[in-house]
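Shared between the two complexes below is chain A, which has chain B as its partner in the first and chain C in the second.
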Partner chain A sequence: MRKDLRVESRSWEMVSTTLFFAVSCVLVFSFAFVRGGQPVDGAAAGILWIAVAFSGTLALGPTFDRERHHDALRGLLLAPVERSAIFLGKFMGVVLLMTAVELVVAVLVALLFQAPQITQNPWIAVLLMLGNVGFAAVGTLFAAMLVRTRSRSVLLPILLYPITLPALIAGVMGTAALLQAEPNLDLARMWAALLLCFDVVFTTLALWTFEPVMTE
Partner chain B sequence: MPPRPVPPFDFDRVTAARLSRHYGRRRALSGVSTTLNAGELVGLLGPNGAGKSTLLGLLATLIQPSAGSVLYGDRPGAEAGVELRARLGFLSHELQLYGELTARENLEFCAGLHGLDDGAGRAGAALDRAGLAHRADDLVQGFSRGMRQRLALERTLLHDPRLVLLDEPFTGLDESAGRALAARLCALGRDQRIVLLATHDLEAVEGLLDRVLMLREGRLMELPLGDAPLRERYRAALTFAGAPAAG
Partner chain C sequence: MNQRTFAGLSIVGLVMFAAAPLWIARAPYESTMGLIQKIFYFHVPGWIVMFLAVFVAGIASAIHLFRQKPAADRLAHAAAELAVIFGIIGLVTGPLWARKAWGVWWQWEPRLTMSIILELIMCAYLLLRRYGGPGSDKLAATLAIFAMANVPFVYYSVNIWRTIHPATSVVPQLAVSAPGMFGPFVWCSVAFLVLFTVMLAARTRLEAQRAEVERLHLALEEQ
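On to the complex of A and B.
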């Protein structure tokens, strides 16, 4: 992960494209769902998570690209470390990038959709973090599976969204419960618990299947 | 967090036993058996698509065999895992370098992956050996093919591997760098490494190899010893096997 951060600090390629895309996404939605200064009821939660999912997909695409160039992936796979450590490094990089993007997107959604609770309620941060983990675990595994595939940029969202849909729905529903006039903390906790289950199941599966997936 | 040091595991021979690899209906390797011993410099020749890279990938544990097995000493590769990878060095035709990192950072990254002590010191010494000390802090993407080849070779040997697998190591090297590589390979042999190198550059390895293996259509044969130049022996073997001479 340190190597990826060093490379990223020289180009800011992934951070800038992901952030630009997420901000554009929120701005476009704000034109559609804010009329006369009043946002459509319940839109903020959905838009926050759509921005997270779309920008997350954008961040996942190039995760293994640097390893694909000049076959550096083989060099990594030959390292005397458990192959799951390679997965964890990439996974943590994606979580870090998604979290950085969410910090900006959450403030923007709170401002444009008049939902200050997004930046004030710690349970929304918990939901977003849990969502990040599940999304990044599934996405990192699929990005690794597709690294040798020619049409990986098309296949990644096709594979990723059906699997991560429960996590995205839980995120939207949990966030919406907290953005109501009377926040429903119990309901939000239930959705957070569901997200936690999703994270545990899919992170374990990804760690378990990464080695056979990477062996030709 | 740096990787934990890997427990030592060593071996003095690598044995491939009836090794086969199929890609769908295509047979890349078919029943390959051979033993590579410590201190041996073994050449692997063959036309394009003969299965050389597949064999190197199998010996490097990057590819699973469809049938057969590889033993490192007495241990199957699947059992040795991490310990075995600490003793493998593989230079593939693609050089496995990060263009966005400097030469020094590439070597230090590799030293970190292998949990080596004094990664910076080892990287500095490797840069000297590669003749790249003056370009140590330049991004690799600005290097010529020959410079990258020298750097990649040093990265491959940074952790003193027992089994050294080299795929076209002479590509892009000028005459003096080629001579330096030949001297380095001889030193590896004297140091009891097991070296298998796939090449088409027969002149560069003339007189260098202890044994020469030839792959054709996935089948392995050993080139007979003789006084004739390697290219002539190779052509004769290919003609005998019924293929047009290549390389």
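On to the complex of A and C.
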């Protein structure tokens, strides 16, 4: 993880590409959903989460790809540490990256879709963080497994989206509840609790299966 | 499964499916929905078997992942294919029923949403098996385990959020509330289970033979 952070701080490759992609995503949506200066009702929540999911997928691709050069992955797996430590390092890297991207995307969506609540309501930040954890847990596991297969870039979204859909639904619903004219905090709390449930299940399963999956 | 059991089960399944329409036709009409409710005798067994298939695939995958048993992997592959097929039965009969009962083909409510997610995951599983290339079996096994973890959410979704879809308590109470419907329902469920067992056995055998052919082929090339 420290190595990944160092590579990242030297090149800014992933932060800049992912961020650029997320921003263009939001812009594309704003052309589609803002008509005559007025955004379509309730579009902001969905767009925020779609941008997060898309840019998250983009960020996941290179996490393990980087280790493919010179067989670094084998070296990493042979290192005298728990496999789950490798998983957790990569996982935290993805969460950090997604959080950094979300900080910008949230402000942009708030500006373009006239939804200032996004930047003001702390519960939205809670929902986004919970969503990050679930998405990154499943994503890191699948990205790690796909490193050795052909057509990685195609298969990652195919596998990732169906599995993380429940988490995305919970995130969108919770955010939408908070963006109403009268924010519905109880409903948002219910969805946050559901997200937490998914996170616990997803992360446990990912940690549990990472070990046998990465053994050759 | 030996060939005699297989043949016997096939015949039992055939007879049960031939007799099912007769019994369904004689079952009493539901008071508000009338004729259209009879789709229930195929819709619910279809989903029951789909869930069963997902569980078979998930458990077999876990065995393959932790014990490295290729036979379990073949079973999981066969079960996943059947899960998609029986899921399609549920997804086709569901909207037909919904159109008459609720007035719409599709409703974005929890049970339906979760079912289609489950179907999507199983389709992703098959895509991965088909196009993943070497080494995709472990990845697919993980996916099947994730799909299995999804089932409880699908099952309880209707009970947590009270929605338009009938709750899971309807079927167990059927024996008391509508004995005339309970008979054909059990009959159809058993017929679906027999069909599932027969197809699973046939598909697993096919996969095992394919692996055997591959092994012989490799052995021949080495000589």
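Note that in this section the second predicted complex is superposed on the first by the 216 of 216 C-alpha atoms of A that agree within 3 Å, B and C clash if a C-alpha of one lies under 4 Å from a C-alpha of the other, contacts with A are read in each partner's own complex, and residues count from 1 in each chain.
The working rule: contacts are C-beta pairs under 8 Å (C-beta built on N, C-alpha and C of every residue); 3 or more make two chains touch, one makes a residue touch a chain.
What you see is a predicted model; the values in this text were computed from it and never measured.
Q: For A:122, decide between first (touching chain B), second (touching chain C), both and neither.
A: In the superposition, A:122 touches no partner, neither chain B nor chain C.
Q: A:145 contacts which: chain B (first), chain C (second), both, neither?
A: In the superposition, A:145 contacts chain C only.
Q: Of the two partner chains, chain B (first) and chain C (second), which one does A:85 touch, if any: first, second, both, or neither?
A: A:85 contacts chain B only, not chain C.
Q: Which parts of chain A are in contact with chain B and also with chain C?
A: Residues common to the chain A contacts of chain C and of chain B do not exist here, since the sets are disjoint.
Q: Which residues of chain B touch chain A once you look at their complex with the stated criterion?
A: Spelled out, the residues of chain B in touch with chain A are 3, 6, 57, 60-64, 82-83, 85-86, 88, 90, 92, 94-101, 105, 109-110, 113-115, 155.
Q: For the complex, which residues does chain C have touching chain A?
A: 65-66, 113-114, 117, 120-121, 123-124, 127-128, 131-136, 138-139, 142-143, 145-146, 149-150, 153
Q: What part of chain A is in contact with chain B in the complex they form?
A: 3, 6-7, 10-11, 66, 69-72, 74-82, 85, 215-216
Q: Show me the residue ranges of chain A that touch chain C in the complex, using the header's touch definition.
A: Touch list, chain A to chain C: 138, 141-142, 145-146, 148-151, 154-155, 158-159, 161-163, 165-166, 169, 201-202, 205, 209, 212-213.
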